[in-house]
Structures are given as C-alpha cells and as structure tokens.
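Some structures are shown below for you to check.
After this come two complexes, each holding subunit A, first together with subunit B and then together with subunit C.
The block that comes next holds the complex of A and B.
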C-alpha cells in the first residue's frame, strides 16, 4: 500500500484501492468476530480470563461492535463502491490514489479508535462509542473521501443512465455523513439528558437504516443480475425501494426509546414508520427474488449467489422482527433483553454480512483476475457462517424471551442468569463457528491472490468456478 | 422534461420523452447489467396495502400499556364485603380473588378486557387498596393513575392542556395536562399525511417512466 500512497494516480493499477479495502475488510472481520467469540466466552464461562482490567467485558464489548461495523461492514462497502461504481458507469474510479489514502486513513483511524476504546476512553454512547476526535477522523478521513470518490466517479461516468446500485451508493454516503455529523453533536456540545438519548438512538438507527441497509441492498442489486445474467426484474420497484428507504427508514428513531419520556406523539409517529420499514423490505426482496427467475440453480452452484440470496432471504425475518418488535405491545416485553442482541446480529451478521461477503468474493476475483483458490473452502465458509449465525440467533432469541418473562414477573436476577446459561454457551459456539469460518475465508482469499488460476480475458470468475 | 396529464395512470411523460428513455434503456450497457420494466406484482401491491394498514393498527397505544387504577376500583370495593372476608378466612386468598373476579365479571364491568389482560392477586390488591381509596376520596380520576408494582402513581403520559394555554404554548397557570393516553394522537395524523405524500411522490417518479406494458429489448445492448 505504501508504495502507492505517493505514486501518481495514473501509475496505480485500476482496482488497487478495492483490493486493499477488500483484504482489510476480511482482516477486520476476523478480528471483530474473534473479539465477539472472546466476549461470548466470558458470558458463557464466567471464570474465563478474569483479573485483567483490559480483558473485562466492559472494555471489550464495544471494541467488537465498532470493529465489525466500521472495520468489516463499512470497509466491505467501500470495497464494493470502489469497483462497482466505476463498473456501472463504464469508467475508472475517479481517483485510485484517493481510494488508497482513504483505505490507509481508515485503517489507521480505526486502529487508533479501537485502541482508545479498549483502554476505556469512550463516549459511553452505544454505536457511537468513539470519543469525539475519532468521530472527526471518521467524518473527514473516512466517509468524506469515500463520498468524493463515489460522487465524482458517478459524475464522470460514460453512461447517460445511472443504475439503481449507484443511486444507493451515492446517496448512502451522503446520508451517513449527515448522520455522523448530527448524531455525534452531543459529544461536541456536551448535550445531555433526553436530547443526548434521542440523538444517540437517532444516530444508531440511521447508521443501520441509511448506511448498512441501503448499501447492502445496493450490492445485491449488482451481484444478482451480474452473476446470473438476468436483467433486474424491475427498475420501477427499484424506485419504490430507494424512496421508501429514504422516507421510512430515516424517521423511526424514537421507537428505540418507547419507554422514555419523549412526547407520545413522536413515539406514535415513529412506531408507525417503524412498521413501514417493511415497505422497502418487500420491494427489495420481491425485486431480487423475481430477478432470480429461471436461474435458481445458481443458489446451489454459485458461491456469490448463495451468499447473496441467503442475505436477501434474511431480510424477511429481519424486517418482520424490526417492524413489530418496536410497537408498544411488544416492546415492553423484549426491550433490554437478548432478543434485541439477536435482532442486531440478524441485521449485521445475517442480512448485511452475507450480501457483503458476496461482493468481496466477486470483487477480489474479478479485480485480481484470479479464480477462487478453493471452492470447497468457500462452501465451508458459507456453511460455518450460516450455521454459526443461526445457532447464535436462535439461542439469543430464546434467552431474550426468558429475560423478558423474568423482567415482567420480577424473577430474581441471578435466577435469570442461571436459566440463560445454556443459551450463552450456544451463543459462544455459534460465534466461534463464525470466527473459524472467517479464518478459513482469509486463508482462501490470500491463497487466491497468491496461487489462484489466472482468469482469461473476456471471462468472468463465476463462469470458471467448476472448470479445472 | 415535458409533462402529460391526460392519462396520469398510464404515463406522465410525453411520447417524445418516453422514446428517448426507451432508446437509452435499450441501447446503453451499465457495466453489463440490464433492467426490465415490470410492474409490482398485484399480490405484492396488496401486501404493501396490508402493511400500511397494519402499521397503524399495530401501534395504537391501546396495546401494551400499564394498567390504570380505575380497572381495579370494582375489585377493591368488594374486598371488605362479608362474603370476601369469609372466603379469605375459610378458603384463603385465591378463592376470595376468584370470587371477586367472577362477581365483577357478572355485573358487567366496562374494564373487563383490561382486567383480563392485567390479572392480580389478593396480596397485590392489598398493596394498592389504601392508595386507590385515598385517591377516590380526593375526587381524582383513577384513569389518570397507573399501577406500578406496589405503587399507584400519576401516569407518565402528558397530553394536551385541559384548559387554556399561555402565549408560550404551555398550559396556563393552574391548568393541568391530560394524563389519559388517547388511542389517537397527532403522531398518527402526521403519519397519514407522510404516507400520502410518499405514495404520491413515488407514483409520480414511476409514472414518468415508459408504461410497464413496454418491455425493453435487451439484444440492443452494445
């Protein structure tokens, strides 16, 4: 990377930034899920690594969360943007050099931020845990350069039309910049109380709703038509999806605080909007599944489609849960329990991770012009990720229902802890399977770069998957 | 950007613009990706309609609220009757509570549904009895009070002023706020307008495209 930081833009091979972002994202995924497995072990086995302040759960939890969101998920997004945006505009990335600096600053800033979090320097605000000066690095060193590259690439495209994926990419980078700017205001201006609580959850909700969800969906809009060769089922439904994300996903922040003294009308408004999140979900799922018409064999044969369609299908339980768990009738029961942890993992480790993994698999093979080193290892990765995640999700959902019942019936806390113990062990098993799968993935992609068979000109990687 | 309003459900763009759109659509390759012009399948349209209706019905504050003191007033009124006292002494609390619930149900309480949703024991009733009677003696509206564990407290909902407001938009001196949560508030009114605006805006965006009867020929891609 360092040799390209000060090279001329023209001397940097196209796709270089995407490759760096791709490998960075896998590495952060390994680190993030490794930390998750470690933290889960602490919950499953209370005597595991005790006596060290820095390895206590309170120090480690947010390092796991932020490593996964800003390391794995967001860097995989950046990787996808670096190669998909120019591909859809029949052009090159506006600036490879900016992309490489972006990747360098991102890795450096994230390493610094996570180290500070680990040492205990935190804003104490969930999902916006970084201290304020790291927030500024994220704003100006991470998201802004990414946005400039994406927006300029779209502006300099060689097509008249802009494909659906690029609507989402361009607008999501803009929206998340605003979310980061406004959502962190409590840290810059020492806002406290209900204002801080509301802005914290406005931030957390919109990082999911205006960044992770739309960008993950945008990737699927690229992967499915590209790999299957089918046209996207409907440009029109793409419009419905895009605008419903912007309108209905940006407004329900107050539904995270249904038991707080926020104005009731705001909660009512947010709660209706919360259910209406199903509108973009229905548009997205129907458009992608209908695009698969006649090509369902890819769901079995092709690793990228396997990941993508699994992610698309996970959008159904994700949005059913998300829409209904925030209503007054259900929220009073599951609020503050493991149910929510299960839901958050369904969003990040289920829905979005499967879509991004497909983009990283496809992108790295395409840019490096190397056939996947081992399809067997890729399938191993898929199944370990899917089974591990499912064990995690089911066990945490059950644990959440137990906690909810215990909360309502005022069961002594220690009894709840004992009742949950088997599910905490299952959570650790599931999380560790995900971590193991990711280690295998890192090895597979590293070997693809080092020893993968070269893809002949004019061929696409997925066409060669079963050729020897 | 010519607009055509004679058949808005068919297309809002004139034929010249639609022709231009068709030409770009069929002739341009977006990184090797093609797009069709299919409409949303009808069952999915119904599903979206159902979602919008459900969004309102599911979120009304009728569901998942704390019980108000009012729903237990009839129970408390029966606690000191000779029949209940005798049952407590001879058959215990559970039998006495069953008798209270049955008697109130037989007389037809307007709170029957909420009483079923929030059952309680004789011990629970004893904990709140004196507080409820005190509020009744003070002439308080029991619907404005919630049962929170062993306490009867003023509901945390704060609605419109019961009387005039001052210039700053707050309740005038001595005027209290509504404490009974209504099943409808201005959040829902805003939602209705928001959903209508959304539907209109998306319909306009989509109707600016060539009608869905036109199917692009993807063999024209270069």
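The block that comes next holds the complex of A and C.
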C-alpha cells in the first residue's frame, strides 16, 4: 500500500483502493467480532479476565461497537463504493490515489481512535464516543475524501442516467457528513443538558438511518441484478425508497429517548415518523424480492445471492420491530432491555452485514480477477454467521422480554440478572460462532488472492463457481 | 448533471433534508432553551464542572480540572454554626461550568437572579470562586439561582479549604469522570422511566434537571439498577466500598465487574495493596476453604475509588 501512496495516479492499477478497503474491512470484521465475543464472555462470566482496567467491560464495549461500525461496515461500504460507482458509470474511479490515501487515513485514524477509547478517553456519548479530534479526522480524513471520490466519479460517468445505487451512494455520503458535523456539536462547543442528550441520539439515529441502512440497500440494488442478470424490478419503487428514506428516516431521532423529559410533541412526532419508516423498508424488500423472479435457484447455489437475499429477508423482521417498538405502546416495555441489543444486531449483524459481505465477496473476486478459493469455506462462513446470529438474536430477545417483565412487575433487580444468565451464555456461544466464521472468511479471501483460479476475460466470477 | 430531472431532484433533496433538520433540530431547540433550570440542575452543573468526558484540560480522564464540593457546617469566616450548605469550590484556574460561562442556558429568571442577586458575572476563573445555590423569587414564583459566594459573602476558595477537613470534601466532579471513563453507564442508566420506575428507582428527571451537565450519560441499555437516586436508597460507604472492590462479596450473583484497580497502589493507611494475595484468598473463600472473605482495603483519600464513591453516594 505504501508504495502507492506516492505513486502517480495513472500508475496505480484500477481497483487497488477497493481491494485495500476490502481486506481492511474483513480484518476489522474479525477484530470487531472478536471483541464482541470477549465482551459477551464478560457479561456471562464477570470474573473472566478481571482486575485489569483495560480489559474491563466498560472500556471494551465501545471499542467493539466502533470497530464494527467504522471498521467493518463503513469500510465495506467504501470498498463497495470504490468499485460499484465506477462500474455503474462505465468509467474509472475518479482518483485511485485519493482512494488509497483515504484507506490509509481511515485505518490509521480508526486504530488511533480505538486505542484512545480503549484507554478510557471517551466523550461519554454513545455512538459518538470518540473524542472530538478523532471526530474531525473522521469528517475530513475519512468521509470527505470518500465523498469527493464518489461524487466526482458520478459526475464524470460515461452513461446518461444515474442508476439507483449511485443516487444512494452519493447522497448517503453527503448526509453522513452533515450528521457527523451536527451530531458532534456538543463536543466542539460543549453543549450541555437535554441538548447534548438529544443530539447524541440524533446522531446515533441518523448515522444508522442515513448511512448504514441506505448504503446497504444500495449495495443490494447492485448485487442482485448483476449476479442474477435480471433487471431491477421497478425504478419507481426505487424512487419511493430513496425519497422516503430522506424524508422519514431523518426525523424520528427522539424515539430513542421516549422516557426522557423531551418536549412531548417531539416524541409523538418521532413516533409517527418512525412507523413511516416501514414505507422505505417495504419498498426496498419488495423491489428486490421481485427482482429475483425466476432466478430463485441463485439463492441456493450462489454465495453472493445467498448472503444478499438472506440480508434482505432479515430486513422484514428488522423493520417490523423497528417501526413498532418505538411507539409509546410498546416502547415502555422493551426500552433499555436486551431486546434492543438483539434489534441492533439484527440491523447490523443481520441485515447490513449480510449485504456487505456479499459485496466484498463479489467485489474482491471481480477486481482481482480470481475465483473464490473455496466455495465450501464460503458456505461454511454463511452458515456460521447465520446460525451464530440467530442464536444471538433469539437469546437476547428472550433476555429482553425477561428484563421487560421484571421491570414492570418490579422484581428485585438481582433476580433479573440471575434469570438472564443462561441467555448471556447462549449469546456468547452464538457470537463466537460468528467470529469463527469470520476467521475462516479471512483465510478464504487471502487464499483467493494468492491461489484463486484466474477468471478469463469476459466472464463473471459467479459463472465459474462450479467449474474446475 | 445532464438531465433537468437531476437538477430538480437535487433541489428537492436539499429542501427535504433542510425541512427535516428544521423540525428535528431547530424547533426542539426553541423549547429546550426556554427551560428554567431546577435546583437539581444547578447543583449538578456546579458540582461536575465544565465537561465530563474527554476535554483538553483532562485528556486522560483522570478527574483533573474539576471543582470540589464542600459541606459547610459553620460559616468559614466567622466560625458560627449554620445550616449545612453545599459550597462548590473552583480553585484558581479550574474551568467554570457552562451555567456560569453562558448564564443564558439556565433559562430566564434563573439567569436574571444569578446575575443580579447572585453576582456570578463577577467571578473569574483566574482568581477562582465559590458558588452556592440559593432560593429567590422571580415573578412571584420561588426559584433557585446560583450565588457567587466569593462576591456576596467573601468566601474565597482558600478561606473555605482552610476551614474544613478532608472528611467534608466530596470529589463529585472527579467521580463523574470515573463514572464516564469506567463505562458504568453501559450497564446502569441515570434515567428512571416515566411509565413504571417510580416505586423502585425513584422519580424520573424533570425538564430542567440537566441544564449545565455534559455528558448526561443517561444510558440506553439497562443491565443493572438505575442509579439516579441510588444515594437515597443506599447511603452506606462501607457497602459501596466492598461492592466496588468485588461486587460478589455483597451480591454473589452480580455480573458487575470488579473495580478493585481504582484503589491504586496503596490504601488509606498508606500500606501497599497486595492484589494477588487478596485474589488468592478470595478464591479460597469461594472454594469454601475459608470462612470469611479477606478484608477490603479502605481506599486512599486521593484514590479514584474514593472519588467514584463520593459521586455515587451523592446521586440522591
């Protein structure tokens, strides 16, 4: 990588930045889920690794969350943008060199940020935990260069129209930049009180709603038509999805603070808007499932589609939960319980991760022109992720319902802790399966780069999946 | 952009996002700035100091640059007995809490009284100052405001600190930093819920209860009891000490981590704490080889554990 940092743009082979981003994301995925599994072990067995400040739960939890969001998910997004945006514009990436610098700054900034968080240098605000100077690195070293590359590639495209995926990419990078800027105002200007609390959740909500969800969806809009060969079922529904994300997903931030003393009108408004998130969700899911018409065999025999469609299917329970759990009628029961942790993992480890994993699988094979080293290992990865995640989700949902009931019936708190214990162990087992699957994935991708069969010109990787 | 549709689309996008920001940011901010700070809000701001997370003056979250809370039982100048007062001592150079820097955030009324009667405008960080919370009247209503006791009563930080012993000093500001740094808020909330928590965890916070606090660390994910009013439920320093050293000493089923490392190298008597020995003895105890667990060392006056306990017991 370092040799390209100072090379001329023309001398860098196209796709290099995407490959670097791809491997970085997988590496962060392994690290992030490893940390998750470590944290889960601590919640199940509190005396597991005890007595060291740096290994205590309170120091490690945010490192896991930030590593998976800004390392795995966001880098996989960057990887997808670096190869999908030019592919859809029938052109090259605007600046491969900027892409490589972007990847370098991103890895360096994230490693620094996570180390500081780990040491306890935190802003004390969930999801915007990084100290403010790291936020500035993220704004200007991470998101802005990415945005410039994506926007310029779209401007310099050699097609007439802009495909759905690219609207989402272009606008999501812009929106997340604004969200990072505004959401961290409390840290730059030391805002206090309810303003700080509200902006914390305004940030948290919008980073999920205007970054993680739409970009993941945009990736699926590319992968499914590309691999199956079917055109997207409907561009109109794509429009509906896009505009309803912008309008409905950017407004319900206050539903994270339903039991705080925020203005009542704001909470009610957020709640209504939150239900309306079902509009983009249904548009997205139906559009993709209808695109699959006639090509459902791919769901069985193609890894990328298996991942993508599983992710899309998970968007159904995800949004059903999301839309309704934030209304007052339900929120009081499950707020702040393990149910929410299960929901967060359904969104990030279920829905989003599965879509990005497909993009990384597909992208790395296409750019490196190498067939996947082992399809068996890829299937192993898929099933470990799916089963591990399911165990996680089921156990945390049950734990959440127990906590909810205990909260309402005012059971002595310790009885809740005791009742949850088996589910904490189950969660740890499930999460460790995910981690194991990822180790296998890293190996598989590494071997693909080193020993994968070369793909002849004019062929697509998935066409060769079952050829020797 | 090539197509007219894209121009229209880009503009509509701007309008939609702008509208959404107006509704979710600008409009709530109008409501929030109107909120008058309550007594609790004023006290929280004064005792925590300027900022509770990462900041330039305390980059490693050691609890530096924070005010001290002092319980005064006698007038520091005359020595007369008085009703106990909480005095918030900002020694020279300690950054003031936001309410003093920007009195506007306390809301109308509180701001006026604090400036006119409380004379907070006269306090400077360079000289340091002592603040107390007083009661006054504004438009016929009883409200609380901040009084700059250095200006109104001649209580300078030095006068106060010379009149009290360490037993009357509470390191609440530094303790809040420990709470943030150690991630207590990943398990504990500071937000009893309006719908059902009154009985066990106490009253939910009111609108003006946080005006000068940052981060609020309300917590989102409750795996443990709410702590907003823990000091009223359990005021035992001894219990807290044992519980933080090893929660399983007092609550065998607890999943709370041990915070023994906050004790630092030596205990209150200056003896080195032998953690390995303590853990070995504790393991013998859990294995049934000892009848009593080993004694928990008393935290030193300047240890992080002491600051944390000061903070927790003050959550009333």
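Simple rule for what comes next: the second predicted complex is superposed on the first by the 468 of 468 C-alpha atoms of A that agree within 3 Å, B and C clash if a C-alpha of one lies under 4 Å from a C-alpha of the other, contacts with A are read in each partner's own complex, and residues count from 1 in each chain.
Note that in this section a contact is a pair of C-beta atoms (placed from the backbone, for glycine too) under 8 Å apart; a residue touches a chain by one contact, two chains touch by 3 or more.
Remember, it's a predicted structure, so these values are computed and weren't measured experimentally.
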item: Partner chain in contact with A:247 - subunit B first, subunit C second, else both or neither; value: both
item: Touching partner for A:464 - first (subunit B), second (subunit C), both, neither; value: neither
item: First (subunit B), second (subunit C), both or neither touched by A:269; value: both
item: Partner chain in contact with A:447 - subunit B first, subunit C second, else both or neither; value: neither
item: Touching partner for A:330 - first (subunit B), second (subunit C), both, neither; value: first
item: Which superposed partner A:289 touches (first subunit B, second subunit C, both, neither); value: neither
item: First, second, both or neither for A:88, with subunit B first and subunit C second; value: first
item: Which of subunit B and subunit C A:202 touches, first, second, both or neither; value: second
item: Contacts of A:160 with subunit B and subunit C, given as first, second, both or neither; value: both
item: Winner by number of subunit A residues touched, once subunit B and subunit C are compared; value: C
item: Contact residues of subunit A, present in both the subunit B and the subunit C interface; value: 160-161, 243, 247, 251, 261, 266, 269-270, 332, 410
item: Touching residues on subunit A, where the partner in the complex is subunit B; value: 84, 87-90, 159-161, 163-164, 222, 225-226, 231-240, 243-244, 247-248, 251, 261, 264-276, 278-279, 282-283, 286, 290, 323-324, 327-333, 410
item: Touching residues on subunit C, where the partner in the complex is subunit A; value: 2-3, 6, 9, 12-13, 16-17, 20-21, 23-25, 27-29, 31-32, 35, 41, 45, 50-54, 59-61, 98, 105, 180-187, 189, 191, 193-197, 199-200, 204-207, 209-225, 247-248, 251, 253-261, 275, 279
item: Of subunit B, residues touching subunit A in the complex; value: 24-25, 28-41, 44, 47-48, 51-52, 54-56, 58-59, 61, 63-65, 149, 156-159, 181, 185-188, 190-191, 194-195, 198, 201-202, 205-206, 209, 212, 216, 218
item: Contacting residues of subunit A [partner subunit C, same complex]; value: 42-44, 46-47, 50-53, 56-59, 61-62, 119-126, 131-132, 160-162, 167, 171, 175, 178, 182, 186-187, 190-198, 200, 202, 243, 246-247, 250-251, 253-254, 256-257, 259-263, 266, 269-270, 332, 335-338, 340-341, 403, 407-408, 410, 413-414, 417-418, 421, 424
